[in-house]
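Here come two complexes built around chain A, the first alongside chain B, the second alongside chain C.
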Partner chain A sequence: MTEISESALPPASANPLGRLKLSKVSTGLWYALPMGLLLISGFLAPLVMVLLYSFMPRGTFSPFGTPTLENYVDIVVQNFYISFGWSLFLALISTLILLVVSYPLAVAIKRAAPKRALILTVLIIAPLFVAENIRLHGWVLFLDKAGVLDGGVKALTGFEIGSLVNSVPVIIFGLVYIYLPFMLFPMILGLSNIPTDVKEAASDMGASRWQMFRDIELPLAAPGILIGGLLCFVIALGAFSESKFLGQGVIVTIAQDIESAFTFGQNWPRGSALSVLVILLAGVAVWMAMRRLDLEKMLGRSQ
Partner chain B sequence: MNDTSTGDRLLRLYLTLVVVLLYIPMFVVGLASISRSRFFVFPIRKTSMKWYHDTFASLQIQEAVWTSLIIAFCVALLSVILAVLGALAYARYNWKGRKLYQQLLLVPIFFPQSVLGLALQIWFSSIGVQMSWGATVFAQLVWIAPIVTLVIAIQAYGYNGSVEEAARDLGASRWQVFRDITLPLLGPGIFSGFLFAILLSWGNFPLSYFTSGADVTIPEWLYGKMIGGYTPMVPAVGFLSVLAGAMALIVGLTIRVRGHSP
Partner chain C sequence: MASEPILQLKMIDKFFGDVAAVERVTLDIAEGEFFTIVGPSGSGKTTLIRLLVGMDKPSRGDILLRGKRINDVPANLRPTCMVFQSLALFPHMSVGENVEYPLKCRNLPKAERRKRAEECLCLAHLPTSYFDRPVNKCSGGERQRVALARALAFDPEILFFDEPLSALDYKLKKLLEKELKDIQRETGKTFIYITHSLEEAMVMSDRIGVMNDGRMVQVGSPRDIYRQPNSRFVSEFMGEVNVLQVTSKEGKLYCPPLDVSFASPPGASPRDGTLVIRPEDMRFVNGAEPSNGVVSGQIFNEYLLGSRVQYQVRSGDLTFLVERLRDAGQPDKDAKLSFSPEDSMLFAE
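Take a look at the complex of A and B:
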C-alpha cells in the first residue's frame, strides 16, 4: 500500500541532488504552516479549552478553578445520558439506512454516461449549499397538517392523513435526507476507483453477480463507503436542527442539551462535559476509520 | 454490459425518484412563498407577491444578506490562499510532519459542527475576542479551508511535478515557478475550491449561530423566525437564498466547464 502512494509523489526522495531534497523538506513545512496555525488556534485550542472547562465547578466562567468531576457525575445523575443515547441511536440508524439507500444510487450514477453522471452528481451535491433549516422547513410544510401531502391527498380523495411531523421516524427521515449527499459523494468517488476490466475479467471467469459484488466491488469501493459512513455518523451525532424542526420536542438530542447548557443554563462546565463526551465518541470513530484508510491514494487516483 | 434489462431500468427509476425527492423541500418553500395566507395551507387559495415585497423592503434582511455575502467572500478568499499552500504541502512535498498534517487536516471536517461552534464560542470569550461576523469568518475557515485544501490537493496530485523542476533548472526563481507554472496548473482546482467555499459559507448555520454575536446571517435570520415569530417571509427569503445559491453554482460550473478542461 505505502509503496504505491510513495511512488505517486514527486520524486523528491529519488533526486540525486541532496541539496534539492533538503530544501524540499523545509518548503513543505513552510507551505503547511498557515493552515497548521489555523487548525491549532481554531480547532485544537478550543477543544483544550472545552476539556478544561469540563472539570470546573458548575456555573463557573473561568477555566482555572479547582478541578472537579461533578459535571461528569451530573451526566449520569441528571439523566443526560438519555439524550446522548438518542443521538447515538439516531446517528447509527441513519448511517445504516444511508448505506443501504445510497449504494444502488452510486452504482446507477457510475453506470450512466459520463456527461449524465456529472450532471447527476452536481444535482446530488447542490442541496448541501442550501441552509439545512430551509430544507427542513420545506419538509415541515410538506408533511404537516394541511401541508402539501395532507392537503393534496384530502383535496383529491377526501381522506385525511393529518400531521406526519413530530415523531422519531420523521426525524430519522430528516437525517437521512440531509446527509444523503455526504454519503453519496464519497461512495461515487469510491466506486469510480473500480476499473471495469477487473469486473469483466471476473465475469469472464464465471463469477456470479453476488460473488462480483462481494469479492470485487465491495472491497475496492470500501474506502469511499467508509468515508461516507464515517462522515454521516459523526455529523449526525451533533445533529440538532432535525429533531428541533421535525421532532419539535418529541426527543432531545445531545447537541440540543449542550446548546441549552451554554445558552439558557449559562452552565459552561456542564455544556463542556457533554461536549467532551461527543468529541470522544466522534474521535474514536474517526481514529478507527483513519487507520484503515489511505486517503492519499484515494485523492490521487480519483483524478 | 449485457444487462440493460429490467434491473438497470429500475435502478435508473430509483435514481430519478431520489433526485426529485431531494428537491421537494425547495419546491414546497417556493410554493409557500407565493401563498397569501399567513399560515401555509395546501392547496393554495390565493397567491400573492406580498411576502416578496415585504422581503425586499426589510432593512433587517438587507443587512443579513450583506453580512452573509461579506462572510462568504472573506471565507472563500482566505480559504483559497491557505488551501493553495496547504494543498502543495499535502500533495507535492515530502516532509517530516506530512502524515500528521494530512490527518489533522481531516479532523475538523469529520467533526460535529454544532460542537465545534460552541467550542469556538467558549474559546473566543475566554481570550476576549468579540463575537461578530469577523469571528464567524474565522470559525467557518476552520471547517471550510480544509475542505478547499482537499479539492485543490486533487488537482495538485493530477499534474507532473517535473515541469516545475525543469523551470527551476532553466533558471526561474521560486516565485516565478509558483506564479507562472504552479498557480495556472492548479487553476481549475482553485476555482472549484473558491466556489465550494462561497456556497458552503452561504448555507452554513451552526458555526455562524454560535460565533456571530449581534451580526445575523441569512440562515440565522431564518432560524430565529422559525423558532419564534413566524412570518411567510421565511419561505420567501428561503427561496431567494436557494435561487441565489443555484445561480452562483450554475454560473460557476459553466465557467469551469468552458474555461478549462483538466
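Take a look at the complex of A and C:
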C-alpha cells in the first residue's frame, strides 16, 4: 500500500515538501524540548503519582496497590468537605474584593505619568521581595492583642481593641493583601488594550462615564481582568499561610488538611485524594475562564 | 450664508507648554456648509478639530455653537460628532452595535434603535445584512462606511472628519469622497473636514481654510484659493508651481539668472519678490509670437499625468514645469516658454 502511493507520487515534488514540513516540526520541537522535559519530570510525573496514590488504600506507601475509592468516600464521611467549602469561599470572596480594589488602582496607574506610574509599580512590587510568611507575621504583630495597634491605641486612649487576629475577616484581609499584585498587573495589561481613540469616540458619541465603563472599558479590558481573577482564585484556593498565621486555627483550609495528611497523618493516599479534588476545582475554573478568552486576540495577532 | 453661522471661532489659541499649536484662529461656519481645513502635517489642524469636538479646551478665545459658548462643554454633551482618522470603531461590537451605540447612549428603545441604525447603514451604502457582522471582519472601505454610519446615527449638528480617507487606496478614496459630498447634500448637515490633501479638499468642499503653523492663512472657495492664493505658501500648497525670484527693474520684473523681464500681474505694482506660475499656465511659444518675457530651455523629462502631460524644461540652473493636454502634440526639444501676466502671481516673500 505504502509502496504504491510512494511510487505514484512524483518524487521531485514530494521530496522538498516533505523536508520542509519535517524541518518545521523539528525546529519547534527542539525549542520546546528543555521546557517539555522539565514539565514532564517536574509537573506531569508528580501529578500522575498523586493521582495513583489517591486510589490506594489508607496509609499505604506504594502507588501500585489495589485501587480503591475509600479516600474519596472519606472526604465526605470525615467532613473534609468543610475545609473545601472554606477554601472555596475564601478564594471567591478574596478574588471579588481584589477585583473591586484593584480596578480603580489599575486605572490610576494606567493614567499616571510614566515616571509616577513606575514609582507606584515599584512600591506595589517591593513587598514581594520579603517572604510571604514574614509579612504575614508582621501583620500578626500589628493586629494581635498587645500588638502595635492594640497597644498603641491603649497607650493613647486607654481603650482596648483586643486581638484582631484569629478571625475569618482577617484571613480574607491577608489573602487580599498578599495577592494584590497578581490581580493588579494583569488588569493594567487589560486596560492597556483599550485604545485611547476608542474611548474618545465613545465619549464623542455621548457615552456617560458609566456607559463608557460598562460598554467600552470593561469588555475591552476583560481578558486582563479575567486572567487576574483566575490567577488569584487558583492561588487563593490552595492558600495556606493566611489561615494558619492570621487565622490561627479559627478555620482549616483544604491546603492545611493536605499538609497534615502528608505530614502528621502519614496518610499519603488521603492527601493525594484531597489534592486531586483541588486540582480538579482549579482546572474547572481555568477551563471556564479560558473558554471566554481569545489568546490570539490578546497577543494582538488577529485583528 | 445670510443666516447666523452655526459655528463661530473667535481668536482661538491653543498652547502645549510654550508652543502654540493653534494661534488666533477666527472663523465662521455657515449651516449646511462643507468646510475643509487643509494644511501640511503639524499645521495644527488636528489640534483645532479636537478643540471643536470638545476633546481639548482652547487656551484662549471662544467657540460658539449657534451663538452659545461651548468652550467648557465636554465632548459627550456636545451635539457634534467626529469620524476619527483611525475610525475608532468599537472592536468588540458588531457593525450594527457600533452604529447603534450613539442611540444606545440616549436610551432609545431597541426597535427604534435598530430601525435608525439600518437607515444609517443604507445612507452609508452598506447592506443591512452587515448588521451582525463583527467589525474586524470588514474591509477598509466597509469600516469607513461603518464609522460614517455611526456618526450619522448620532444625528449631529455638525459632523467632523479627521482625515478618515487617508489610509485608503486611490480608487476607493475617490469613490468615498464623492459619496461623502452626496451624503452631505442629501442630509443638509454641516460637515467640517480636515485633510492634508488638496485634491480631497477641492472635490468636496464649499469652502476651504488653509492652515500653516497654527494659523488660518486663507479662507475661501476652492476656486478662489486655487486662482487667487494670498501667499506664496498657499500657492505652493495648492499644487506644483514654478517659482521665480524677481526684482523690480524699469517697471518690470527682472529675473537675474534668466536675464529676462516679465510684466507684473495686472493690479500688482512691480516690486522685489517671487513670481509664481502654475504649470498649466506655462505655454510653449515660437519666437514670432508677441508675448511676455520668453524663456528658452531644453525639455529633459516628460511625465504622463492621465489626460495631461507634464514637461520638465531646464533653462540654465532653473527647472520649469509645463503642463498641457496630452493630444496637444510633441513640443520641440529646444523649447521657448512664456505665460500671460494675468496667470502669474506676485508675492512679497
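Please note the rule applied: the second predicted complex is superposed on the first by the 268 of 303 C-alpha atoms of A that agree within 3 Å, B and C clash if a C-alpha of one lies under 4 Å from a C-alpha of the other, contacts with A are read in each partner's own complex, and residues count from 1 in each chain.
Throughout what follows, contacts are C-beta pairs under 8 Å (C-beta built on N, C-alpha and C of every residue); 3 or more make two chains touch, one makes a residue touch a chain.
This is a predicted model, so every value here is computed, not measured.
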Which superposed partner A:Asp197 touches (first chain B, second chain C, both, neither): second
Chain B versus chain C as contact partner of A:Pro127, first or second or both or neither: first
Partner chain(s) touched by A:Pro219 [first = chain B, second = chain C, both, neither]: second
Partner chain in contact with A:Ala155 - chain B first, chain C second, else both or neither: first
Contacts of A:Ala207 with chain B and chain C, given as first, second, both or neither: second
First, second, both or neither for A:Leu96, with chain B first and chain C second: neither
Partner chain in contact with A:Val250 - chain B first, chain C second, else both or neither: neither
Which partner reaches more residues of chain A (counting touched residues only), chain B or chain C: B
Residues of chain A contacting chain B in one complex and chain C in the other: 302-303
Touching residues (chain side chain A, partner chain B) in the complex: 8-13, 24-36, 38-39, 42-43, 45-47, 49-50, 53, 63, 101, 104-105, 107-109, 111-112, 120, 122-124, 126-139, 141-142, 146-148, 150-152, 155, 177, 180, 230-231, 234-235, 237-241, 245, 255, 258-259, 262, 268, 271-272, 275, 278-279, 282, 286, 290, 295-296, 299-300, 302-303
Chain B residues touching chain A - in the complex, by the definition given at the top: 1, 8, 11-12, 14-15, 18-19, 21-29, 31-32, 40-43, 81-83, 85-86, 88-98, 101-116, 118-123, 126, 138-139, 141-142, 145-146, 149-150, 153-155, 157-158, 161-162, 165, 199-200, 202-206, 218-219, 222-223, 226, 234-235, 238, 241-242, 245-246, 249, 253
Of all residues in chain A, those that touch chain C in their complex: 195, 197-198, 200-208, 211, 215-216, 219-220, 302-303
Touching residues on chain C, where the partner in the complex is chain A: 53-55, 74-77, 81-82, 84, 86, 88-92, 101-102, 104-106, 136, 150, 154
